[in-house]
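Next come two complexes, and both contain subunit A; in the first it sits with subunit B, in the second with subunit C.
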Partner chain A sequence: MPKVGIPRALLYYNYFPLWKVFFEELGAEVVLSGLTNKKILDDGVNCCVDDACLPMKVFHGHAVHLKDRVDYLFVPRLISVEKNEYICPKFCGLPDMVINSIEGLPKVIDCTINLRDGNKSLRKAVLEVGGLFTGSLSRIYNAYQKASAELADYERLMLNGATPLEALNGNGPPPADYQYSIGLIGHPYNIYDNYVSMSIIEKLRGRGINVLTQDMVCKEELDRIAEGFTKPMFWSFGKKIMAASSYLIDQRNVRGIIYLVAFGCGLDALVGDLVERRIRKKGVPFCMITIDEHTGEAGVDTRLEAFIDMLEWRDTQKCL
Partner chain B sequence: MLVTFPHMGNAYIAMKSVLEDLGVDVLVPPPCTKRTLELGAKHSPELACLPLKLNIGNYIESLEKGAEVIVMAGGCGPCRFGYYAEVQREILRDLGYSFKMVVLERPQGNVRDFVKKLSMITGGKSIMQVLASIKRATRVAVMMDELEKLCWQVRPRERVSGTVSRLMQEFHSKAYKARGSRQLSALIGEYKNKVSRVAVQEGKEVLRIGIVGEIYTVIEPYVNLSIAEKLGCLGAEVDKSITVSYWVINHLIKEALHLYNKRDLNEASYPYMRSFVGGHGQESVANTVLYKRKGYDGVIHLLPFTCMPEIVARSALPEVSRQYDIPVMTLVLDELTGEAGYMTRLEGFIDLIRRKKELDKAYEEVLPGN
Partner chain C sequence: MKKYYLGIDVGSVSTNLVLLDDQGSLVYRDYLKTMGQPIKVVQEGLKILKERMGDVSIAGAGTTGSGRKLAGIMVGADVVKNEITTHAVAALDTNPAVNTILEIGGQDSKIIILRDGIVSDFAMNTVCAAGTGSFLDRQAARLQIPIEEFGDLALKSTTEVRVAGRCAVFAESDMIHKQQLGHRVEDIVYGLCQALVRNYLNNLGKGKDIKPPVMFQGGVAANRGIREAFRRELGMEIEVPTHYDVMGAIGAALIAREAVKSRGITSFKGLDVSQCRFGVRPIDCGGCANMCEIVEIIRDGVGIACWGDRCGKWSSRVGKYA
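Take a look at the complex of A and B:
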C-alpha cells in the first residue's frame, strides 16, 4: 500500500479530513507528521529560507520529519481556493520552496489548485492525484465525493465552536460554563497549532473564557461583511480575519479581540494594521501577539493575563 | 488641484509627463531622504514592506507642501502591493490629513475603466486625449530608461570617475522643473548626448552584473543605496531586469490587453519555479537564468525585508546558481540597512566574480576544448 505523507502544518487545519478520506478511499495509507515540537521547528528553521515566515518554517520541518517514511509527500500548490482571491504568494510557490530547500525528498504530489477563475483546475487536480493510485475514474470521483462530505461534517463541527483537534476526533467543543467570550483571530495554522500558539485556546478556556475564532462564523455572514470593504480583499484568509473581527464584535458581543500574528507574515502586517484601526475605533480592547521561533512562553502568558485582567477590570468599571 | 504620487526611481518623469500633458498641476514629492523614511517607518505597520513605508513618507512630505490629490497604483494580488493604497489611505486619514486618493488599477479586462479614473483627475479631457498622453508618457519612460542604461554602460569605463553621476544629478534637478512630455523628452535627449560624449577608456574590460528582484528595490536608488552607481564605480556594468518602462508596457498596457507573453519566463524559470507567485518572484528566477545565457558574470538579487514573492524566489536561487554556474548574491533591504556593510558586501562580490572570471579563463587556456 503506497504511503502518502501529509505535513501537519499550514492548510492541514482546513482540509485534512478531505485529503485523508480521499487518499484512503484510493487505497493509500495516510501518514501524518507528529505534533509540532522543538525538533520539527528547528529542522524547519535549518532548511528553510531564513526570512520566510514562521508557519513556512514549521511546514518545512514537518516535511523533513516525513520524507524518509513515505512514498509520496503531499504538498499541493494552493494558489486560490475562492473566486478572485488568493491565499498568499508563498502558497503559490510552496512546492518549489520545499523541493529547492530539502534534499532527499520522496515523490512530491504538487497538484495545482487555482479556483481564481473557476472550478476547472480542481477537477484536473483531483484526476491527476487520483490517477497516481487508480485508473478508475468512477473510483476517483466517488472518493472525492466521500471526502467532500467528510470535510463538510468537519466544518460544521468547527462552526459549533470546536477546535480542529476536537473536530478531527468527531467531537464538538467541551461542555463548559463560560463567563464571557473573546475573539481569537489569525491564520488557522497559527492559532490551532498548540506548539506555535503556546496552547492559547486552552489557556483562555482554562480562565473560564469562551474562545471564538473566524472559523466559528459561517461563511455567508463573513462574505456579506466583506462586501462592504472599500476594496475587495484578495487574500482569502485576510478577508476572513477582517470580516470576522467586526462580526464577532457586533454580533457575538466579544469583550476583546486577540490577533495572533506570525513574524514575517506579509498578510498579517497589513491586515493586522487595518483590523487594529477598525477595532480601536469601536472602542473594543485589542491585543496583538507576535509569535516567532524564539517566543518565550512566559512573556506571552504575562501579556494574556494582563489582557484578561484589563477586560475584567474594565467590566467592574462599567458597573459603577 | 495639486496632484502628487509616490516616488519610484525615475518613474516621476513618466508621471509628470502624462499628467502635465493633460493640464494637471503636479507636485513631485521631494526626493527620498532619511526624513522620508523616518516619517514612513514611524506611521506604518512595523512588518510592512519597505516601499509602503517610503510611500507614506513621500505622501506626508507632499501633503505638507500642499498636495490635495494622491495618485497611486493598485493591483489584485497576491502581492501586498495591491492593498497598499487601502492601508495608506487609512494611515493618512488617522493622522488627520485631508486629501483625495485616486487608485489606478490594472483594468480587469477593459481599458475604459482605467481611463475613466484618469479623467477623474484630469477633468473634462476626452478619452482620446488621455490615451494620447499615455502614449507620449510611455515614450518618455522608454527614453528615460535608455538614458539610464547608457549611464550604466559608460560609468565603469569613464576616464574621470564621477562624471556621469554629476551629469545625472544635474539632469534630475532640471527634470523636476521641466514641464510636459515635450520639455522632458528634449531634456532627456540633451543628456543622452552629454553622457555619450563622456571620455571613456576604450577597450577596458568590465564585469557585467545583472540586477533582479522586487521592482521598487531594484528601481529606487534611495533604498538600494544607488547600487547601479556603486557597482559602476567598482568597474562593473550593470543591467536591471525590471525598469519603469518595462513595468508600464508589460504590466499596465500588455496585461490589460492580454498580450503579455510569459512563455519565455516560464521556460527559463522551469523547474526551479513552476508557477506565478505574485510580484516579480518568477521573473527574478527567470532573469537570473537569462542573464547567464547572455554571458553576465554575476547576479544581485534585491528584496525588501518580508517581501513574500521574492522569498519564494530566494529559495530557488541557490539551486539556480549551482546548476547554471553563476554567482548570485541576495541583499535584503530595510530601514536599518547600513551603507558600510552593504558596500563591503558589494566589494566582496565583485572581487569574487573577478577571481572566478580569471580562473575560468585560465582553465580554458590550460584545457582547450575540442
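Take a look at the complex of A and C:
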C-alpha cells in the first residue's frame, strides 16, 4: 500500500478530510504529521528560506517530519480556491520552495489547483493525482465524490462551533456554559494550530468565553456581506476574515474581536488594517496579536488578559 | 492597628513596591532595579519595607508586571493582574477624568484609551523596542550622558535635529552621522526624544483617538525631554502624576484592596517571606518533542509552583502545592 504524507499545516485545516478520503479510497495509506511542536518548528526554520512567514516555516517542518516515512508527499500548488479570487502567492510557490529547501524528499505530488476561471483545472488535478494510484476513471470519480461529502460533513461541524481538531474527530464543540462570545479571526493555520497560537482558543474557553471564528459562519452569509465591500476583495482568506468580522459583530453579538496575525504576513498587513477600521467604526473592541517564532507566551497572555479585563470592565463597570 | 495594602510591580528594568492605606493614600514607595533577579529583588524589597515600616499589618497584596506570576506565588498575592489594567486603575484613582494614558517602561510601551472611567482601547508595542526606555538608555550610554540628565539636556536644545526613529539600529547610525556633521549634543538629544515620541505615536497611537486629559506614566515619564516632545507633538498638556514611576504597583494594590473587601480574607504570606530561602529548579522536560523549559519555584526546599510547559503536566501541580 503506497503511503501518502500530508503535512499538518497550512490548508490542512481547511481540506484534510477531502484529501484523506480521496487518497484512502484510491487504496493509499495516509500518514499525517504530528501536532506542531518545538522540533517541527525548529526543523522548519532551519530549512526554509529566511524571509518566509511563520506558517510557511511550520509547513516545511512538517514536511521534514514526514519525508522518510512516506512514498509520496502531498504539496499541492494552490493558486486559487474560489472563482475570481486568489490566495496568498506563497502557496503558488510552495512545492518549489519545499523541493528546493529540503533534501531527500520522496516523490512530491504537486498538482496545480487553480479555480480562478472555474472548475476545469480541479478536474485535471483530480485525474492527475488519481492516475498515480489507479487506471480506473470511475474509481477516481467515486473517490472524489466520497471525499467531497466527507469535507461537507467536516465543514458542517465547524459551522456548529467545532474547532478543526474536534470536527476531525467527528465531534461538535464541547458542551459548556459560556458567559459571552468573542470573535477570533485570522488564517486558519494560525488560529487552529495550538503551538503557533499558544492555545488561544483553549485559553479563551477556559475563561468562560465562547470562541467564534470565520469558519463558523456559512459561506452564503459571508458572500452576501462581501458584496457590500466598496471594492471586491480578491483574496479568499482576506474576504472571509473581513466579512466574518462584520457578521460576528452584527449577527452573533460578539463582545470583541481578536485578530491573530503572523509576523511577516503580507496579506494580514493589508487586511488587518482594513478589518481594524471596519470594526472600530462599529465601536467594538479590537485586539491584534502578532505571533512569531518566539516562545515567550507572556506577551500573548498579557494582551489576552488585558483585552478580557477590558471587555468585562466595560460590561460590569468593575475591573475585577 | 492600621491596615495596609501592598502592590508589587516586577518589570524588566525596575521592581516597585508600594503600600497604600485603607483610604488608598500612598504611605510607602520603593523603586529597585530588577537586574534580572526578580526573586532576589522582591525579597530585598520586602526586607527594606519591614525595616522602614516595622511590622505593619498587610490586609492584601497584588502583583503586576512581567514578573507578576512569580512575585504572586512568592508573596501569596490576592490578585495577579496585567499591567494594562493596573495602570488604568491607578491613573483613574489619581484623575477620574483621564482619557488617555501614555506609559513607557523599560522594554514595553503602551497606550490606554479610556472613556467615562473605563478602558475602551489599548495597544502595546509588538516586536520592536525602539519606542521604549531601553532605546534611550542605549543611546544615552553611546553619548556618555547619564540617563538622569538626558531630559534636562534635551530641554536646552534650540535647533531641531531630525533623527530616524523607526528602528534603534538606524537611529544609532543616523545619530552618529549628525554628530559627525557637528550638531550640538543637546540638539541631538532632543532629536532622539522626538524620534522616540514619533515612533511611539506611529506604532501605538495609530488610529487612536488621543483626547485630553493625557497622563504620562512609567519610568520614562521622568524624562522632561520626552514630556516636552509629547506636548508639542500632541498639542496638549501632558500630566505626569506624582508617583508616575510606581503607578503599576499602586494599581495592583488598589485592585487587591477591592478583592480582599469582597472575599474578606487575604492570602498574603506576610513580610517574613523575605526570610525564606527561594530557589528555582530548571527542568528540561523530555516528555515530548516540545522539550519545554520548565521552572520550578522552591521555597525552603519545597516546590511551590511550576510553569513553562505547554501541556499542563507540570503547571497543573500548582494546585496540589497550594
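Methods note: the second predicted complex is superposed on the first by the 315 of 320 C-alpha atoms of A that agree within 3 Å, B and C clash if a C-alpha of one lies under 4 Å from a C-alpha of the other, contacts with A are read in each partner's own complex, and residues count from 1 in each chain.
What we mean here is this: a residue touches a chain if its C-beta (ideal position, glycine included) is under 8 Å from a C-beta of that chain, and two chains touch if they have at least 3 such contacts.
All values reported here derive from a predicted model rather than from experimental measurement.
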item	value
Subunit C versus subunit B on the shared subunit A, clash or fit after superposition	fit
Included angle at subunit A between vectors to subunit C and subunit B, based on C-alpha centres and rounded to the nearest 10 degrees	80
Contacts of A:Phe263 with subunit B and subunit C, given as first, second, both or neither	both
Partner chain in contact with A:Ala9 - subunit B first, subunit C second, else both or neither	neither
Touching partner for A:Leu66 - first (subunit B), second (subunit C), both, neither	neither
Larger contact residue set on subunit A - subunit B or subunit C	B
Touching partner for A:Arg277 - first (subunit B), second (subunit C), both, neither	both
Contacts of A:Ile79 with subunit B and subunit C, given as first, second, both or neither	first
Contacts of A:Ile113 with subunit B and subunit C, given as first, second, both or neither	neither
First (subunit B), second (subunit C), both or neither touched by A:Met310	second
Contacts of A:Lys231 with subunit B and subunit C, given as first, second, both or neither	first
Distance in angstrom between the closest Cα atoms of subunit C and subunit B, superposition on A	5
Doubly contacted residues of subunit A, that is, touched by subunit B and again by subunit C	263, 277
In the complex with subunit C, residue positions of subunit A that touch it	34, 37-40, 195, 199, 263, 276-277, 280, 285-286, 290, 292, 298-299, 301-303, 305-306, 309-310, 313-314, 317-320
Touching residues on subunit A, where the partner in the complex is subunit B	48-49, 51-53, 77, 79, 84-90, 92-93, 95-97, 100-101, 112, 230-231, 233-235, 261, 263-270, 272-274, 277
Subunit A partner contacts - residues on subunit C that touch it in the complex	66, 79, 81-85, 88-89, 118-122, 124, 126-127, 207, 255, 258-259, 262, 288-292, 310
Of subunit B, residues touching subunit A in the complex	44-49, 52, 74, 76-80, 82-83, 85-87, 89-91, 94, 103, 272-279, 281, 305-309, 311-316, 318-319, 332
